[in-house]
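Structures are listed in the sections that come next.
What follows is chain A paired twice: with chain B in the first complex and chain C in the second.
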Partner chain A sequence: MRISGLVGASALTFVLTSGAFAQEASLDLVEPIAEYKIYVSEKLAKLVEDTTAFTDAVKAGEVDKAKELFAPTRLSYEAIEPIAELFSDLDASIDSRADDYEKAEADPEFPGFHRIEYGLWEKNSTEGLAPVADKLLSDVKELEGRIASLTFPPEKVVGGAAVLMEEVAATKISGEEDRYSHTDLWDFRGNFDGARKIVDLVRPLIADKEADFLKTVDANFETVDTTLAKYKDGEGYVTYDKLTDDDRKVLAAAVNTLAEDLSTLRGKLGLD
Partner chain B sequence: MLDPKDLQRSPYHLNRRRLLAGLGATAVGGSLSGTVSAETMHHSVADAPVANAASQLDSVPHLGRHQAGVVNARPANGMVASFDVLASNADELEALFRTLTERIAFLTVGGSVPMLDPKLPPADSGLLGPIVRPDNLTITVSLGASLFDDRPWLAPLKPRHLQRMMRFPNDALDADTCHGDLSLQICANTQDTTIHALRDIIKASSRQMILKWKQEGNVPVITPGPDGRAESARNFLGFRDGSANPDSSDAAEMDRVVWVGAEEGEPAWAVGGSYQAVRIIRNFVERWDRTPFGEQERIMGRTKMNGAPLDRREGSEFEVPDYASDPEGKATPMDAHIRLANARDEASKANIILRRPFNYSNGVTRSGQLDQGLLFICYQANLERGFIAVQQKLNGEPLEEYIKPVGGGFFYTLPGIRDASDYVGSSLIAAARGA
Partner chain C sequence: MSSSDPQRAGGPPSRLTTIALIGAGVLALAGGGAFYLASQRAVRPSEPGTIAVRVGDKSCEPMDLTVPAGRSVFEIENASNRPIEWEILDGVMVVEERENIAPGFRSQLAARLKPGVYDITCGLLSNPRGKLTVTASAHSEAEKVKPPLKAFIGPLSEYKVYRALRSNRMIQAVGALSTAIDAGDMDAAKSAYAAARTVYRHVEAVSGRIADLENAIDPVATYLAGREQDPAFTGFHRIEFGLWHEGSVTGLKPVADKLEADATTLRDRLKAVKFEPVDLAGNAAREARRLAEGPVISGDNLYANDELVEFAAAVDGLEKPVSLLVPLLAEASPEMAKATTDAFAAVRAELGKLSGSDAAPVIYSDVSPDARKALAADLVALADAIDRINPALGLE
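Let's look at the complex of A and B:
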């Protein structure tokens, strides 16, 4: 309690000494949030559809087909991760990694996309994966249901742009996410698209006041696009190991900078 | 800029008075000489550790002919952080150098942290509170060979001896802790100050460079002896390290040993700089602790307790061994570490280097052993004649059984930031543009 009192006091001091205060949160956000909810719903519908096909292939023992569907299926999930992560139980059962479990890959509790990925690529088999596939599909459907009835908190939506970049910066840029299939560049695509969508939705609200900021952010998204474009292969991307060291550095710097810049987006929109 | 009154408005004064009171009580009580016993200090559990009140305000000038952090005394904490640089032209590299200079100027001088709208992320990590005190901070900027090699517009300007650190026979280099385009040596009285500086710089330079590896270390703080002369700190092998270092307060000696002068045949932009060799040297301390005391001394070539050369065991670490009178190595084995490193003859004078190491302690290896050792840092005017030559003399030494270099790199420490209008690396940028 004493601490919050102190924080309040320093904030007050600030108000008195500086005029450069961000604008207050406004009703202007209602429309972007509503639009974002539509975007998320569409992604979820696609995720359920794709996951159904993916898990069907796993259960039918079609290893090659399942491998082919793995990365594109994840794309929709990666784009809406900040919202999906509001339900941490589902996020853990859909998208956790072997490191999250004490016995890693051998842990019977290791679930979801990456458990199936491990079986498909490391064992080249679907053996024992049917119950994992069933659980994954039911989790994805559960996620769709829960999000449908969710009121989107504006600070989570706007903050989600930075969250996506933080995730890439902290645990994806190294290629550790899809460590068996090396389809990380697909995930990057999903994460960047998701972040950019959020920026685009709120763009009209800050276009005048924050023109320089948007210019920098756009330039970094552009850097990401041009870099990823070099690795395009058909509808998707080549494997992560093809990414050159130089391009990995370019992506890392762009991601870190986007994370820095987008971390101010909430404040710029007056969200606490 | 910093108001000195701001700096002094600190809780440390209170602690300092307490510390002095404690010292007084000790003297009266006549307990252990020169130490403060626990009973005489009245600490509440919640109190921060008592720092030397003056040390928070210690500062090393960041402007001058040479960079700070090379010839000034080591403070208790040091770190080397290595980065990959993004810059693809002179303008971008200049922007990075200017960013670094601006942060160095703020962090090493100190001042108030800017307060932003609380809805925005804070400008500063806040590790040091609302007022940053200099705390003896130095930040030394050096460049790796890869920065030059990977950029055709910069390659012709590479210092003559700058090269990617080679693998020496006893090395087990880990790619994750080697090399880099740019190194920062960050030193300060407290670890918080070095970490604060690193986080500040990472935040300010995210679009310009990416952290590759870092190693932190520290130097045990020592109370000067009765004659007032500071002794060399001990490394994790329990031996004094740095005894035969050249005198860093002797400017002429430093010009000869450390700083690149016009006569070295280096590119003109590099004059005033120095070669920095960094080595992360793991010590197998469990095994060392199971090695007979006499053997430890013979391996090092010094007595363990006082650091004296083995041919004058009752002396001090500052005495010079007389190898000429011991040609068969009866007192000091021919392959003792200090004898191989510096034979104390005329020829060896060319190989003198200025060592500035820190001890590091990282954690536990998969085998359940301590991962600790020496963050070795040295400076010299000529890398080939300095570190590389010395290491070649050491190759195969008996000490190798107990040490394993696992990381580090060779870098070129840029000339100093001349004045407030200059920036670190300006001579290199001017040369790159003029070429």
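Let's look at the complex of A and C:
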């Protein structure tokens, strides 16, 4: 789920400086954009596979198994969230929160992963979730099909890294995304990996001119990595409430800086 | 899409419950939330020409906006009693957005917009959307007939992805072919062969120009001194000769292994090919002419006789790069965009007419010289249509 919360400072930077970069976009972007699409396609293939197993478990009434599969299944979705703006309708049906609906959790329209999460953790049950599971799987498959034939606008890909970091800074950091399961750290893993992938792919284009910028960005990604690593548990992560106040502050600071810094990436690549 | 913003105090009761549920979130306020709220206040004085949009509980004010193409700055005021998002939507794609604008706050958003009609969101998902009309400017009109270089990055990337995926599939299919030959399974070998040829045809417009590989992968006996006995008779057609003419897999294993290695090299070489914007159409037109002059007239698949199936795949391969330019072409010249689409349809119709049915496919040796000429003429007409694309996009 993407919420490009307005982290004012970065948005302001954008308003103030767009146009100030005389930089022209270059065809050197073709390679990273193509690579990124292949990355997304691989994530989506994995998402379809994992969502199939997850929704099968939900439909079979296997609460424990479904709970176990929830966070790992979401990982691939969270990794492609930088480009969720390209499919806002499916993003809503796959990953919206109860707050988007008039009657919140009780709203029959409340769909997707978080509707299932609510059932599994708050009700400890899969009752009534079969149609939600079917819809989720068909949405995820539709997403895969749609992405396959979609030409990625380069400014959306490059801008997506910042947009996602802004969302994490503005909302996700509070633990709102996975509020019933508290599996937020898994989502963070996906979000940071997904955003960093974009930076890594365009890195060769700016390595010389923007060495300092890249150094700062890398340092912040590393801070995130080190912090998340402390909470590693097997293949995944402990629940979000285990995060200490200090570490939460460290994460928040790193994400805020990333959001601000990455909001200049489009301009640096001539894509504003 | 929006979600709650748990950091906001004084929301409706359901929201407070939410906050209680996610105690973790409240603690985070010290970090992200505080920064976030502070930043929302930091709205600069409006730039001249800033477009004001007030979002109330049920709608935007105004619901109908018109701006000229180019860069516009919007200032969104949240006059409703809950946090809102404001998005400019082009179909399902969010062009620009600001989310979590707290009640009573304003937020600015800059967007560079092309002419067209967009939706704007106005708070709750269930609220009606407003309309944003972007009118043409002298600059946007000029860009239609000469799109900036960055307009080609998406199409070029997409074609690169296409080549990568096709050539990977070719490696898989040739691998399956090799396995089937090893197992002496004629049926499996024939179907793997057909699958590999289909994807080969998809990328042939590019691969056909990598001469050394083309000579290893796709030589036709007709052009070799010793014909089928020539040591240079390798690759696909050698296998085709074995499977269909000799009806045996004898001696094909090393050929298949070599083909597999060449397919891997082909993938890497295709990956390294650097395309310029002119190459998307240029390459497709050239390949259409090559097909018209050579394979369509004289036939390529002398033993399997399934050219009609392969030509259909080749046309798909021509259409891929061209289709990526069609959205730009439709802006520059809607008539030309239609003419291009029509030319593809004409070739497909001609192929369909010749191909017979699935149950009784027509073999190419039964296609008369006149029918071949007619198909070739359609391909030439297609090439002519494709040739008009680059000048229309200011590329030549």
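Keep in mind that, in the parts below, the second predicted complex is superposed on the first by the 248 of 272 C-alpha atoms of A that agree within 3 Å, B and C clash if a C-alpha of one lies under 4 Å from a C-alpha of the other, contacts with A are read in each partner's own complex, and residues count from 1 in each chain.
Quick note on the criterion: a contact is a pair of C-beta atoms (placed from the backbone, for glycine too) under 8 Å apart; a residue touches a chain by one contact, two chains touch by 3 or more.
None of the values given here were measured: they were computed from a predicted structure.
**Q** In the overlay, answer first, second, both or neither for which of chain B and chain C A:Ala253 touches.
**A** Both partners, chain B and chain C.
**Q** Given the superposition on chain A, which partner contacts more residues in chain A: chain B or chain C?
**A** C
**Q** What is the contact status of A:Ser125 with respect to chain B (first) and chain C (second): first, second, both, or neither?
**A** Neither partner.
**Q** Figure out whether A:Thr171 sits in contact with chain B (first) or chain C (second), or with both, or with neither.
**A** In the superposition, A:Thr171 contacts chain C only.
**Q** Per the contact definition in the header, classify A:Thr226: touching chain B only (first), chain C only (second), both, or neither.
**A** A:Thr226: touches no partner chain.
**Q** Considering only the touch criterion stated at the top, classify A:Gly267 as touching first (chain B), second (chain C), both, or neither.
**A** first
**Q** With both complexes overlaid on chain A, does A:Leu243 touch chain B (first), chain C (second), both or neither?
**A** A:Leu243 sits against chain C, while chain B stays out of touch.
**Q** Please indicate which partner A:Ser138 is in contact with in the superposed arrangement: first for chain B, second for chain C, both, or neither.
**A** neither
**Q** With the touch criterion stated at the top, can you tell me which chain A residues are shared between the chain B interface and the chain C interface?
**A** In chain A, residues 7, 11, 14, 18, 249, 252-253, 256, 270-272 are touched by chain B and also by chain C.
**Q** Under the stated contact criterion, what part of chain C meets chain A in this complex?
**A** Per the stated touch rule, the residues are 1-7, 14-15, 18, 21-33, 35-36, 38-44, 47, 71, 73, 85, 87, 89, 92-94, 97-101, 107-110, 112, 124-126, 148-150, 152-158, 160-161, 164-165, 274-277, 324.
**Q** For the complex, which residues does chain B have touching chain A?
**A** Within the complex, chain B contacts chain A at residues 84, 86, 115-121, 203, 206-210.
**Q** So in the complex, which bits of chain A are touching chain B?
**A** Interface residues on chain A, with respect to chain B: 7, 10-11, 13-14, 17-18, 20-22, 220, 249-250, 252-254, 256-257, 259-260, 263-264, 266-268, 270-272.
**Q** Contact residues on chain A for chain C in the complex?
**A** Chain A residues touching chain C: 1-9, 11-12, 14-16, 18-19, 24-27, 29-31, 33-34, 37-38, 41, 84-92, 95-102, 104, 151-156, 167-171, 173-177, 179-180, 182, 184, 240-241, 243, 245, 248-249, 251-253, 255-256, 270-272.
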